[in-house]
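Residue numbering begins at 1 within each chain, and the chains themselves are lettered A, B, C and D in the order written.
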Amino acid sequence: MALNVLMFYLLSAVIVICSVLTITTTRILRAAFYLLCVLVATAGYYFMVNYQFMAGVQLVLYAGGIVVLIIFSILLTSHISHKFAKPEAMRLVMGILVGLSGFALSTIAILKFTFTPSNAPAMKVDMQAIGTQLLGTGKNGYALPFEVISILLLAAMIGAIIIAKKGK
Amino acid sequence: MNYSLTILILLIPFATFLFNGLVGMKFKPIVSGLIGTIGLGVITLLAYLTAWQYFFVDGMVGGSFPKVIAMSMEWLRLTDALRIQIGILLDPISVMMLVVITTVSFMVHIYSLGYMKGEKGFERFFSFLSLFSFSMLGLVIATNIFQMYIFWELVGVSSFLLIGFYYSKDSAVAASKKAFIVTRFADLGFLIGILLLSYFTQTFDFKVLTGTDQSIFAQTAGVSFLGMSVMTWAALLIFMGGAGKSAMFPLHIWLPDAMEGPTPVSALIHAATMVVAGVFLVARMFPVFYFQAPDALTVISYVGGFTSLFAAAIACTQYDIKRVLAFSTLSQIGYMMLALGVSGYGGHEGVGYMASMFHLFNHAMFKALLFLGAGSIIHAVHSNVMQDMGGLRKYLPITHITFLIACLTIAGVPFLSAFFSKDEILVAAYEHNKLLFAVEFLVAGLTAFYMFRLYFNIFWGKETHYHHTPHESPKTMTIPLMILALGSVFAGYIPFSKLVTSDSMPFESHMDFGIAIPSVLIGLTGILIAWILYKKESKIPERISKSLGGFYQAVYHKFYIDEVYMFITKKIIFNCIARPVAWFDRHIVDGTMNGIGWITVTSSRNIKGMQSGNLPQYGMVFVLSAIILVLIFSFLI
Amino acid sequence: MPFNIYDFSGTTKAIDQFLYAKMPPTWAFITELAIVGLIILLFYAVIGLYLVYLERKVCAFMQNRVGPNRVGKWGLFQTIADLIKLLMKELITIRKADKLLFNIAPFIVIIASFMAIAAIPFAKGLHAVDFNIGVFYMMAVSSIGVIGILLAGWSSNSKYSLIGAMRSGAQVVSYELSVGLALLSVVIFSGSMQLSTIIESQANGWWIFKGHIPAIISFVIFLIASTAEINRGPFDLAEAESELTAGFHTEYSGIRFAFFFLGEYMNMFIVASLAATVFLGGWMPLHIGNLQGFNHVMDFIPPIFWYFGKTIFIMYLIMWFKWTFPRLRIDQLLTLEWKYLLPINLVNILIISFIVLMGWYIK
Amino acid sequence: MLQGIPITHVLIVSSFMFFTGVCGFIIRRNMITILMSIELILNAVNINLVVFNKYLFPDQLQGHFFALFVVGIAAAEASVAIALIINIYRRLNSISVDKVNEMKY
């Protein structure tokens, strides 16, 4: 077996196991830790498809940013001795039912459809390409979404500060 | 041919604006003052270098001064043909304006170091001054009409900020709002004009618009509206913007009130630079006006002529020294507009254009001097009103001399700068329109009269007792006065007809003694009358004004133009249009909305139980229904 | 096997070819991984131990003492003795701690710094991986280390640890911005994030000299912010001994404690070598423009010495900070970042972009 | 990754991750855990975007950029959500979704 195939199944196993653990563990910080594992493994996927910038973003923003934020909020709101109570049976059953049926459905759809991988020469994803496309205005230019995202982030930042600010 | 440093002329004032505005208050006030002044000094030097390079080193190409694009980059692309550039255009008038603006602005900066000392918001003042300089410079070097419009609005904003500098004073706030609203209203016309022009010509670029290729106007042929061709409309609308900034007759009402701002601001903005933006605009677009819309030029000449007469008449009756100067500014700008309006294109035909630019240049010098001198007087007396002054020549020697020089200059006394330019304007007017010539001739006399009325009232006249002895202003204020006095004496000897002309080709201009001698005589007559009436304190002026009665009152109240505006807006627009609209809005529009709201409220009150607020449940229902829908669509249908 | 102290690419290539000739490609690759891993591991341990020694010596000299001088000549083996002691100590686990996270936390810190080391170019042709996003990769990987600290603080079930972890987290997350932006300035100058390209671009002068004043400003900001990011004095309030006993690693003992300790020193090494690489040319000798003679003389000193010289110089600076300045309060710390460093940095970036746009720098 | 790994396998892994997220969203009551489930969902979508890009349109970068923007939005969403959670915790001393029914009706 080629090494990259092995690597892929290793990462997939981490993703599958850790994402299940994320939602089943009874300690909240462990959930965050498992989530971290899932996200890092996803970054591994991106490294494997040679989208290194995407992988870097995944690590910085997801693993280094969002997970840290989540852990922070856990540190502020929960105590170590606290464990989740068991969910009600109805909810548990419904949740698992929805999850499984959805997974089954999408798997069937994926397996039935024949994907035709393209043989076009792969684009070189270096910083130059990303930069020019991200700020380009012509075809394959993403200046508008980029600006919209900037505005959104600004709005989110102000909103978060206002919401989390202590009252007078 | 290298003008790469000209970009700094824009960037330095912007940088000082940012610095003073953002972190200026962290330092001592004098720091921001010095930074602003030094920055301006540097760009003044750069502007002189650019002018030297442009006129004397690179000089003419093929008999005329070329339009040099020193820098250009694309800012917005609307279509492939219509794109907006940001750049630097150098041609005789923009280079001349660079020199004028930087010089006056530099003087005002130095002067403000003394005048504004100890004021609250010193660094704010300097940051606004820098912003103004930045936007004004950007305006004159604009490569296209859209860039000009952007900076045009920036100029408006900075003028608004500076007029309302003493924002704790109600009158200043009102004046700034008035200035902003009136010029904004005019700019609306300007914008429509730009859109009209660019819609038909498919370009914003000055180089193309004013170039020799007239085929771009082909599409406008035959398009007309209300009996006027579309180009006339566009030109008139563009002129409306210029008239708003330059305070031409129906839109002049903001300028006198704008004197609420600090005096250096009045000198910089409302005398020397911003108000000539309108003149500059018409000059910039002159070929378009001349070839495509000669009717608009006629309108311009009449508006200019009327404004100059009208403002000169009002100036004779005012007592607030800054207002007298403001009206004199109006009158002088009227002169420039008129000169543009009667000008032809090319060679000696274009003498009006040249004279207008020449007068603009001289006017900037002596009017800035007058305002700064007035500031120096106000600084000494702590009052704006003529009645509080008198016999000041003993106390303020330097101010006195420089003020006298400025008054002589504006009165058109021979061999001072304005004599030459005014003579050229009169020549141009005489050649094209005798009526306007007569008006201008009269205005020349009036100008001399009211300026010397002002001068004698302040420096001679009755002996006033002051609470404390007035004293001469500090060096930072008197030095700019002296420099500007030199400028207003000697600026007239610049061979303008060799440098700045309508088609950029030099021509010979001559003194026309047939016109120069009478105009000097009428100027001297005006001075003489003022000397008789105001040299000593006397009762004659009062008697004269009594005898004129109603007319005097009308003039004193500026022909009730402000009141007319108030009447139109308050009585007619508010009552006849706004009231019904408000009623419609309140009852019909709001009523519909309220009705919809009522229906929503009652219906939602009945179904609100479905909203449990339980997020996971929502999610579950959402995903489950999605799954069911997918099942239905993929397997059943 | 060619061996050239000036250029290691020949050596590494020879090893690579040798392995692929002897084994099937998969195994060759795995062997290579193992070799590189082992080398880095060894290097890690040695550097870590001697950094501790260096720190103690520097501290001692700053305080006019002698420092460790008993074990070996000049106390050179003191830290090795310490390591042996730490290895033999009992691993205490708190009774109500979250055992899984408690055990994993030190490894996260170590792994993060380990991954970062992989991208450092030590000399020409001597680096494990050369991503085209090298600088960004280093930032990304080192941003994971803080999670280890947070987990350690929370899972110890101790209020000192929790407060220390919170402080540390807030500090690292905020100072990461400044570090990133400071690095961005050189990325703008050199037009690449690849560390090898950045080094090549400094062949006629280091960025700190070529980039005018803005580059110097970024360098200073980078030094300050990265000192804060690695939780060292004067920004070491996360482990302030006097108030929090030892912050997030209060409850750790033995080798787990040593991991945190080692991780911290390695982070310092990483930061210092990043600064050396990005601002001071990494292994690139001191070159001045086209002064051929001078450049040749400088080329005579092997790149690896240049690299270590610069890194040690910067580490010395960072140690100097620690033993010179008093510790900041948490509010001062955050004020410094959000009100001073970040705005200065943003304006600086703007100026740099403008300079680069106008081409006003030495290419 | 391309050789030897069929695209369907990647997609199955990501869809598994997606529905795990959905399942967690439904059965958990702690708001932070719900947030983590949402991150799982977003991440699964991201994998799909990137993989489709790489397998089906390697000469373009649309999926890559889309994923990039999703990450940006996820960051914004997480920051606002956590601000809300902390505020709710401050007022109600609990972060269970069942307790947050003050704004009901």
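The criterion applied here is as follows: a residue touches a chain if its C-beta (ideal position, glycine included) is under 8 Å from a C-beta of that chain, and two chains touch if they have at least 3 such contacts.
Just so you know, these numbers come straight off a predicted model, no measurement behind them.
**Student:** Just to be sure I understand: going only through chains that touch, what's the smallest number of steps from subunit B to subunit C?
**Tutor:** So the least number of steps between the two chains is 2.
**Student:** Ranked by contacting C-beta pairs, which pair of chains comes out on top?
**Tutor:** A-D
**Student:** When the C-alpha atoms of subunit C and subunit D are each averaged to a single point, how far apart are the two points in Å?
**Tutor:** Distance between chain centres, rounded to whole Å: 32 Å.
**Student:** Could you put a whole-Å number on the gap between the CA centroids of subunit A and subunit C?
**Tutor:** From the centre of subunit A to the centre of subunit C is 28 Å.
**Student:** I'd like the Å distance between the centres of subunit A and subunit B, where a centre is the mean of that chain's Cα atoms.
**Tutor:** That pair's centroid distance is 57 Å.
**Student:** Just curious, how far off is subunit D from subunit A if you go by their C-alpha centres, in Å?
**Tutor:** The separation of the two C-alpha centroids amounts to 6 Å.
**Student:** Pull out every residue in subunit B that's touching 2 or more other chains.
**Tutor:** Within subunit B, the residues that touch at least two other chains are 616, 620, 623.
**Student:** Could you list which residues of subunit A touch at least two other chains?
**Tutor:** As it turns out, subunit A has residues touching two or more other chains at 2, 57, 65, 72, 74, 91, 94-95, 98, 102.
**Student:** Residues of subunit C that touch two or more other chains: which are they?
**Tutor:** none
**Student:** Once you draw an edge for every pair of touching chains, what topology comes out, line, ring, star, complete or other?
**Tutor:** Here the contact pattern is something else, fitting no line, ring, star or complete shape.
**Student:** What is the complete set of touching chain pairs?
**Tutor:** Every pair of chains in contact is listed here: A-B, A-C, A-D, B-D.
**Student:** Tell me, which parts of subunit B touch subunit D in their complex?
**Tutor:** Those residues of subunit B that touch subunit D are 608, 611-617, 619-620, 623.
**Student:** Going by the contact rule set out above, which residues of subunit C touch subunit A in the complex?
**Tutor:** Spelled out, the residues of subunit C in touch with subunit A are 26, 29-30, 96-98, 100-101, 104, 131-133, 136-137, 139-141, 143-144, 146-147, 150-151, 153-155, 157, 162, 165-166, 169-170, 173, 176, 191-193.
**Student:** Report the residues of subunit A in contact with subunit C in the complex, numbered from low to high.
**Tutor:** Interface residues on the subunit A side: 2-3, 27, 29-30, 33, 36, 40, 52-53, 55-57, 59-60, 63-65, 67-68, 71-72, 74-75, 80-81, 126-128.
**Student:** Of all residues in subunit A, which touch subunit D in the complex?
**Tutor:** Touch list, subunit A to subunit D: 2, 4-5, 8, 12, 15-16, 19-20, 22-23, 28, 31-32, 35, 38-39, 42, 45-46, 48-51, 54, 57-58, 61-62, 65-66, 69-70, 72-74, 76-78, 84, 87, 91-92, 94-96, 98-100, 102-103, 106-107, 110-111, 115-118, 120-123, 125, 129-130, 133-134, 140, 142, 145-146, 149, 152-153, 155-157, 159-161, 163-164, 166.
**Student:** State the interface residues of subunit D toward subunit A in the complex, per the touch definition above.
**Tutor:** By the definition above, subunit D touches subunit A via 1-5, 7-13, 15-24, 26-30, 32-33, 35-37, 39-40, 43, 46-47, 50-51, 54-62, 64-65, 67-69, 71-80, 82-87, 89-90, 95.
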